[in-house]
Amino acid sequence: MPLATFKTSFRVTWADTDAAQVVHYSNYFKFFERAEEEFYRHLGFSFTDLHARGLWFPRVEAFCQYKKPARFGDLLEVEITIGELKEKSIRFEFNIFNKEEATLLAAGYIVALAADKQTGKATEIPEEIAKKLRPFCK
Amino acid sequence: MPLATFKTSFRVTWADTDAAQVVHYSNYFKFFERAEEEFYRHLGFSFTDLHARGLWFPRVEAFCQYKKPARFGDLLEVEITIGELKEKSIRFEFNIFNKEEATLLAAGYIVALAADKQTGKATEIPEEIAKKLRPFCK
Amino acid sequence: MPLATFKTSFRVTWADTDAAQVVHYSNYFKFFERAEEEFYRHLGFSFTDLHARGLWFPRVEAFCQYKKPARFGDLLEVEITIGELKEKSIRFEFNIFNKEEATLLAAGYIVALAADKQTGKATEIPEEIAKKLRPFCK
Amino acid sequence: MPLATFKTSFRVTWADTDAAQVVHYSNYFKFFERAEEEFYRHLGFSFTDLHARGLWFPRVEAFCQYKKPARFGDLLEVEITIGELKEKSIRFEFNIFNKEEATLLAAGYIVALAADKQTGKATEIPEEIAKKLRPFCK
């Protein structure tokens, strides 16, 4: 059990949906990333700061399991924990809930690699960042 | 080895990219689906026909591994095989290549469930469809 | 001058950007619509309610002028007024600001037609809705 | 009448649609741009070449009129002409047809400014490019 989880909420917009009148399956990956961005902001740094330090976090893997459809107007809650924090990579795990109905809609993860913006090579996650991520580790 | 594979090509558009100047990771899932649509068309039926028959193919799982970035203007080739064809579900496997450089950019899969459009319940894939899919099975 | 304006704020996500490292021009139209959705919610009804009443609001025109780029992480404020409220159509006008810098990034409008969901024909905006929109008219 | 028009075709994908089961209004702007990219390619240069020369073409205005909905699987034809070619800007005009039904679905334009990538300032369109654009001017 992680010591802490991070949660953020937002609504499904019309543009998120497709002709099946549910959220398009690719958009859950945008929801994951949006939550991740809020999480970094919550920890006190932004992607922008990291980029300015020459750090980049390309995704090397992404997975999602779809349990129930999200529909236009639904209030989503995305919960983040860290499945694995390695020297050079982070595995973020996400659960997306319909907040009003308290049902799990989707669960997935992404693996982000810390990379040097110039060379593109994998690099160590700075301790200053790793330290803030640890309480969220499983 | 499957008896047959299906391949389709298209270019990365500006709108597919993000501020890292590469294709946004969620868009590979759009590329998978676009190839799947072309594949159905190649087999002689479209999603539209299937929908008209009361069939729906919601995704229940999606995965992608990112190996090299795709960039604006790249000519992509998406190759489809079928990893598993069950009574009520299909696992489509995708490789995305940079066609001009012949390098593998991403590999992934989606699992689509055959579902009744009215009830939402899993249903058997009609033999008429399954028959056309079999040559593409691993 | 309208009696009232509606404002809503949200951040630019990574997925909103393109390889020019600014928000892709098509996404401003998503921002317009997202603000419109929040506006309806603020007025006490949602698109979903309207749809349930057999009403649909297809866009017949959309325009945007781009003044300064929005970038990843920017906090946007979208301001809505109503440029014209006709019997069967609404012209929503939008200003998008960088909230922290108080600069205007983009300005535009959309014209939405009230249409019968079944027939697709233009239909009168119910007085119950029009009444709530009037204070926002220029 | 322009001496020449450029046309390109592609199909509506599932991801282009929204819960009204038609193409989302913002996606017509992606279709415009995709046609513009093909047009540049047809003329023998790509955005990538232009960027490499330090040129950028930010959009300063975009407009679309929606006449009939495009639906999943529709084969679209986008026709480009140039409404106005100024020293530092280009107004591209677009008609989007349902190719199989030969009906006009949408018409619009974008105004692109030639800008120096470093300074962001408006700059002259190189004669080598302008020359190739002129036959498409109204």
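Chains here go by letter, A, B, C and D, matching the order in which they are written, and residues are numbered from 1 within each.
Here is the rule we go by: a contact is a pair of C-beta atoms (placed from the backbone, for glycine too) under 8 Å apart; a residue touches a chain by one contact, two chains touch by 3 or more.
Every value quoted in this text rests on a predicted model; they were computed, and no experiment measured them.
Visitor: If you line up contacts by residue number, which pair in A-B, B-C or A-C shares over half of them with B-D? Let me know.
Guide: That interface is repeated by A-C.
Visitor: With respect to inter-chain C-beta contacts, which pair, A-D or C-D, contains the greater number?
Guide: Most contacts of the two pairs: C-D.
Visitor: What is the chain whose Cα centre is as far as it gets from that of chain C?
Guide: That would be chain B.
Visitor: Just curious, how far off is chain D from chain C if you go by their C-alpha centres, in Å?
Guide: Averaging C-alpha atoms per chain gives centres 24 Å apart.
Visitor: Quick one: chain A and chain C, Cα centre-to-centre, how many Å?
Guide: Using C-alpha averages as centres, the distance is 28 Å.
Visitor: Roughly how far is chain A from chain D, going centre to centre by Cα mean, in whole Å?
Guide: 34
Visitor: For chain B, give me the residues that contact two or more of the other chains.
Guide: Where chain B meets two or more other chains at a single residue, that happens at 14-15, 22, 26, 30, 33, 72.
Visitor: Provide the residue numbers of chain D that touch chain C in the complex, in ascending order.
Guide: The touching residues are 20, 22, 25-27, 29-30, 33, 56, 58-66, 69, 110.
Visitor: Where on chain D does chain A make contact in their complex?
Guide: Contacts found on chain D: 14-15, 17-19, 21-22, 24, 26, 71-72.
Visitor: Quick one: which bits of chain B touch chain D in the complex? Just the residue numbers, please.
Guide: The touching residues are 11, 13-15, 30, 33-34, 37, 46-48, 72-73.
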